[in-house]
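Paired with chain B in one complex and with chain C in the other, chain A is shared by the two complexes that follow.
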Partner chain A sequence: MTVADTIKIPGKRSFARGIHPSDKKSLCAGSPVEILPTPKSVLIPLSQHIGAPCAAIVKPRTEIAIGDVVGDSEAFVSAPVHASVGGTTSAATVTTLPNGQHVGAIPITVAEEQPLASQGLWDDIYGGNWPTDSIESLDPKQITQAVRTGGIVGMGGATFPTHVKFARNPDKPIDTLIINGCECEPYLTSDHRLMLEAPEPIIAGALLSARAAGAERIIVAIEDNKPDAIEKMQSAATGTGIDIVGVHTLYPMGGEKQLIVAVMAREVPTGGLPLDVGVVVVNVATAAAVARAVLRNKPLTHRIISVTGEGVATPKNILAPVGTSYADIIEHCGGLTDSADRVISGGPMMGFALGDLDVPVTKGTSGIVVLTEAQTRKSAETACVRCGRCVSACPLGLVPTRIALAARNKDWEMAKRYYITACVECGCCAYVCPAEIPLVQLIRAGKAGLPRD
Partner chain B sequence: MTEEAKENQQVAPVLSVAPGPHITAARSMRRVMIDVLIALVPAAATGVYVFGWRAGMQMGVCVVSCMFFEALFQFLRKRPHTVGDLSAAVTGIILGLSIPWTAPWYVGFIGSAAAILIAKMLFGGLGSNIFNPAMTGRAFVQACFASEMTTYLLPGKIGPPRAVEIITQATPLAAGKFEHVAYNLQDLAFGCVNGSVGETGAIACAVGGLYLILRRSASWRIPLGMLVAAAIVAGINQTLTDTVLTVGHHLLAGGLVFGAFFIATDPATSPISNRGKWIFGIGTGALVMLIRLFANVPEGVMYAVLVMNMTVPLIDRWTVPKPLGGPVKKKT
Partner chain C sequence: MIPTIILAVCVMLALAGVFAVLLGWANVRWHVHVPEQLQHLMDAMPGANCGGCGYIGCSEYAEAIFHEGAAPDKCSVGGAAVAERIAEIMGVEHVAGVPSRPVVLCGADFDERLKRPEYRGEPTCAAAVMVAGVQGCTFGCLGLGDCVEVCKFDAIHIINGLAVVDYEKCVGCGACVRACPRNIIQMVPFHADAMAVVACSNLDPGKVVRGVCTVGCIGCGICAKLDDIFTIADNNASIDYDRYQADTDLSAAIEKCPRKIIRMEGK
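Right after this comes the complex of A and B.
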């Protein structure tokens, strides 16, 4: 029993149901983060977050430096995007993100001379000192403003603008900040490597986030399949009052609703947000980005990406600028193997398959997973026999097969009766379905088709 | 992207695109059905051991006919063949096990036709049926061949080959109900009594049933609810009346254990939520006992399951589980 198991938390470190997929983390967990050589060009999407897209504020054929604002928006739920390299802009174009969204994008041809590259880049983003003693004196509003200016969004994949989470609501005070280091998706190791190689900015970001949101307690939750990360984080957190807690390795532990149950024994109301139960959840990479934005006034321009899976020649963890093409990153990792069949942006449970590799990575790209033909789900669909495996797997306690049936038949009354909107699309149901019914796809389509009332 | 990279990509493998999740742990439907077949082995083996080759023939006839009728139906409807999923084989074995070993071959054949054509395929095939196919088939032949279905001896023979000590031709429940003779509990547990092919050996059925539950191919809630409910009703009956049949007799005799593990747990015809499964199991168990005690027949598993099958849509509707975080708030 480690220290991480003895810390008192209200939750049981686990949640009901869920699944245990093979985590496949060993492919990449031992590879230190490599800094990608600056690519020749990048394409900065103007919407890399949930919320209003940004409008381009740079003109074509202008010189631009790393960290300059490329696009911004007046909307509250939005986050500016910044140039991740220095270079020259071209006319705005449109690109298709892996999730299928068509968004405007600004191409940047990279200049020969880059002020920040290789080790210098790492030091600027994650290295050096992260003083935490003056945080108490900072104004929470100032932190939140710096987070917005830095374009920080949730880097676990959901890309919800972080400053929105920090905006204080007098009716819903926050008492606990959970720093999410679960990384429950199979294969992905980017958060794991970050916790091992740069725990200090995470700790600093956690303290800043708690200050901004007004949380009294900070809990860093890490799945217990990463004991080395738990240890590193513990030593980095010494003296800060931050609790490092090991939680069970159970997919989808990294989902906010599940993590809040496991850590706080609180249930986020259906259709509500963590702040409804006094909690803010921030991913470890996001916390590190918060620290950089506030303490160093640097925006979010780079992120660590796990390039892994049996279909990649050399699995690696890469620090890459936002806007780098997936193809460039995969090429840096030795390219695809002959057996490669599916390239996924994100993890294999909730990630999106790519049809075209020449698309840019965004702030939310946590990994690139390449699976082989033998591994991918085939969806040779047969009839549902109501075996109930999806019911025993659904972490939200839903009846996925009935929701999917309702969605297929466009029976909206039935879809609502079975709480279609409560689904978080984690994929547990489709993972276990012996009839290989594309449950998540059907439910997603159902949500999109659900009439607004 | 460099020119070289573009060239590389052209020779790279063609990428497939599909919605997530991209990985699966799923056992195929066929694998699930194979599990059920494996679980039925102890009961089938006991049947063949006690009743001899005719018991094996009974199952064989039913399996072949069930698969034949499913293939025939799909052929006539010009639909893809589904015999490969083995669900028809499962129905066949269960039907064969619930028919007396003495019944002529055409009983199984006609029962299979009713099970597959009427109960299963006309309702839309695997997963869409309302009534348990095997029990529907059995109910059909029970109505058509009443005497063949209740005669457990062949003319000129004293008893089943192995159960030589049995002198009466009645099944344990019929003997208890109509002649007030109680059987030895040990014989009931091991299956050395008269009855339908598969329902006599309570232990064999339970062993197979536990395998199903361990493989998560059947819910444990339905059998447990059913057996406990039946035991409670039998217990009340035992204390209030001077019956010769104790709780043990009611649990071990007839098709209760077989029905609890293999018939009531049929996922297509039982509720999907956990609460629903409890209601279904308890309801079936109680109904079995009510039929056994108050109806004019000795055994009630078949009718209890069929009656409870009818309640499943309603149970499902009333037991939609509440999601984590509670139901969606109505907008005001």
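Right after this comes the complex of A and C.
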């Protein structure tokens, strides 16, 4: 690292505390993205984002083509949803997404003839040329509008509507755009594969996002357990002025607040947003979707999903249409093994255990992880021994044991005094707890139970 | 030489004497004057301190009546007897109201609810409600007993995975209503000893309800056709309790309900 580098990227490539779980990425980091054969039916949830749910704008029993708008909303913090396949709609129903949202959904029976399938689909989404020379002449407002129209939300899992991040606030100017390629969750490899197989749309999307948000500097941050992705991105970024930086492999590096500390040495205030320190963070898959929406005028309809874990027969990275059921995807990967015990939507640290596999994939589904009985087994919970391991793991510097036990006892005064709302639910505390106290789960339930005042 | 034990007893007695005089003097010197009427009010309270009246405890409710003229009929533990006594002390007229009791708007026990994977998390409803797919029905009772824990009168129990109110013991304080994270316990004015209840909160279309529950309301509207006290909104039937009288007879609807989810709740 030269002196010039340090001035450009002031962060130390790391943040305080955090944990080093076994990353298990070798299960499917080496398998190229496979295109899922078009499923027979999909179920498009009308809310796949944080914010106001969409209202359905298609009628039952109508022909619909891939990319047609299925639902939209007038609200600012919202994003439209689109048909991910061509076919015929049925009467609206409801579904419960893995994150607990109970939302309306439109079933689509897939037509036999699909204009885009297999390699053609890949070329349409990630392949081909991504010209970046005309980006400087685009109007930032137009880019933001195209991102809204394309229904783009944060694909790292939080599903925050991306156009909201790009909306400029004169009081809080943005100077830096960080493209998040950390993928710090164990097992998941979807972003890794995307960076290897389609770096060009990510670079184009990064330039477009920076133009929209008004950022002068673009930094792509990748954990240093993915040297091949760093190399690939570096060669794709040649001549664009984008910096590729390898950050330490430390969970939760992919968390916005931790990444901003590691790259920019700036601390996002408690209860604040990256915006408050002049930074916007965009996931690599989101950046690629931004490029497709703006340069090709195509909405977000497909995403790459890592189907992995010891409980799945053949771990794979899959390009699947939004709305495909988890059961269909697992089936395509050879089904569950006999020892499979728990299916998780997302990564094992922050994902959601599923009670039912008949739920649709959304824009934020980065992976499906299947754990075995031996991995999910827990010994009985014992009393807190005040060892302080959760305190030395918490990336936010909180005292998880205090907050969790206060939440369990419904001592809301105590929970608030120890900043329960600052918790990002990364799960480091529960991971390290030798007493097997479900710290993060208690904190999460406690946040929901906090009295409103 | 006086034996030590005698000395000790004498010292203790002397100390007791000194403190008795001190305390007696302090009692006179810093006497708090409680109006006689307020004292009577406090004596009339049942002393359960349950908070069902909306005040922190019995004495705060007594003060609210005395100072702010709060209504005399808010004590659900004491019921009509306490309300009459309060009205008598305050010299106001008391019109006997109808007691409110909670009803659980879910009628499916463990075996009647479908799609129930094994849940291994924190055994409270507040935690389980955050887990998608903890059971097929996203409206129904979770059966982990957050309501049981807050009930001071041992009047609600989980029976085969479903919260069931014991109306012999229930005083209607409403603690269970506030504790339920799914908001499926509702206070209902009990015009009779037993009231008809549509024991389902599911607002999903009938087809979805059939997939998750063997008894849930499918919003078919048969009850609404038989008696206009029923209304169907969001695929769910509900009863207009403002129009419910002591002699209201809904047995025809109870009989005809294809899901047998209209039930009599109460003593």
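Here, the second predicted complex is superposed on the first by the 443 of 453 C-alpha atoms of A that agree within 3 Å, B and C clash if a C-alpha of one lies under 4 Å from a C-alpha of the other, contacts with A are read in each partner's own complex, and residues count from 1 in each chain.
To be clear about the criterion, contacts are C-beta pairs under 8 Å (C-beta built on N, C-alpha and C of every residue); 3 or more make two chains touch, one makes a residue touch a chain.
Predicted, not measured: the structure shown is a model, and the values here were computed from it.
Q: Based on the shared chain A superposition, would you classify chain B and chain C as clashing or fitting together?
A: With chain A as the common anchor, chain B and chain C both fit in the superposed model.
Q: Which partner chains sit in contact with A:G449 here, chain B, chain C, both or neither? Use first/second/both/neither.
A: Only chain C is touched by A:G449; chain B is not.
Q: Touch test for A:Q145: chain B only (first), chain C only (second), both, or neither?
A: Neither partner.
Q: Which of the two partners, first being chain B and second being chain C, lies in contact with A:V440: first, second, both, or neither?
A: A:V440 sits against chain B, while chain C stays out of touch.
Q: Using the superposition on chain A described above, determine whether A:N99 touches chain B (first), chain C (second), both, or neither.
A: Touch status of A:N99: second partner only.
Q: See if chain A has more residues touched by chain B or by chain C, and give me that chain.
A: Larger number of chain A residues touched: B.
Q: Which partner does A:S118 reach: the first (chain B), the second (chain C), both, or neither?
A: Neither partner.
Q: Touch check for A:Y418: first (chain B), second (chain C), both, or neither?
A: So A:Y418 only meets chain B here.
Q: Contact-wise, after the overlay, does A:L354 reach chain B, chain C, both or neither (first, second, both, neither)?
A: both
Q: Please state the minimum Cα-Cα separation between chain B and chain C in the superposed model, rounded to the nearest whole Å.
A: Between chain B and chain C, the shortest C-alpha distance works out to 5 Å.
Q: For chain A, give the residues common to its interface with chain B and its interface with chain C.
A: 352-355, 438, 441, 444
Q: State the interface residues of chain C toward chain A in the complex, per the touch definition above.
A: 115-117, 119-122, 124, 126-127, 129-136, 138, 181, 204-205, 207-208
Q: For the complex, give me every residue of chain B touching chain A.
A: Its residues touching chain A are 1-2, 5, 8-9, 12-13, 15-29, 31-32, 85, 87, 125-128, 216-217, 219, 267-268, 270, 272-274, 316, 320-329, 331.
Q: Would you mind writing out the residues of chain A in touch with chain B in their complex?
A: For this pair, the touching residues of chain A are 15-16, 19, 21, 40, 186, 257, 261, 267-272, 325, 327-328, 331, 335-336, 338-344, 348-355, 357-358, 369, 371, 373, 375-377, 379, 382-389, 391-392, 395-399, 401-402, 416-419, 421-422, 427, 430-436, 438, 440-441, 444, 453.
Q: Could you please specify the touching residues of chain A with respect to chain C in the complex?
A: 93-94, 96-102, 352-356, 359, 378, 408, 438, 441-442, 444-445, 448-449
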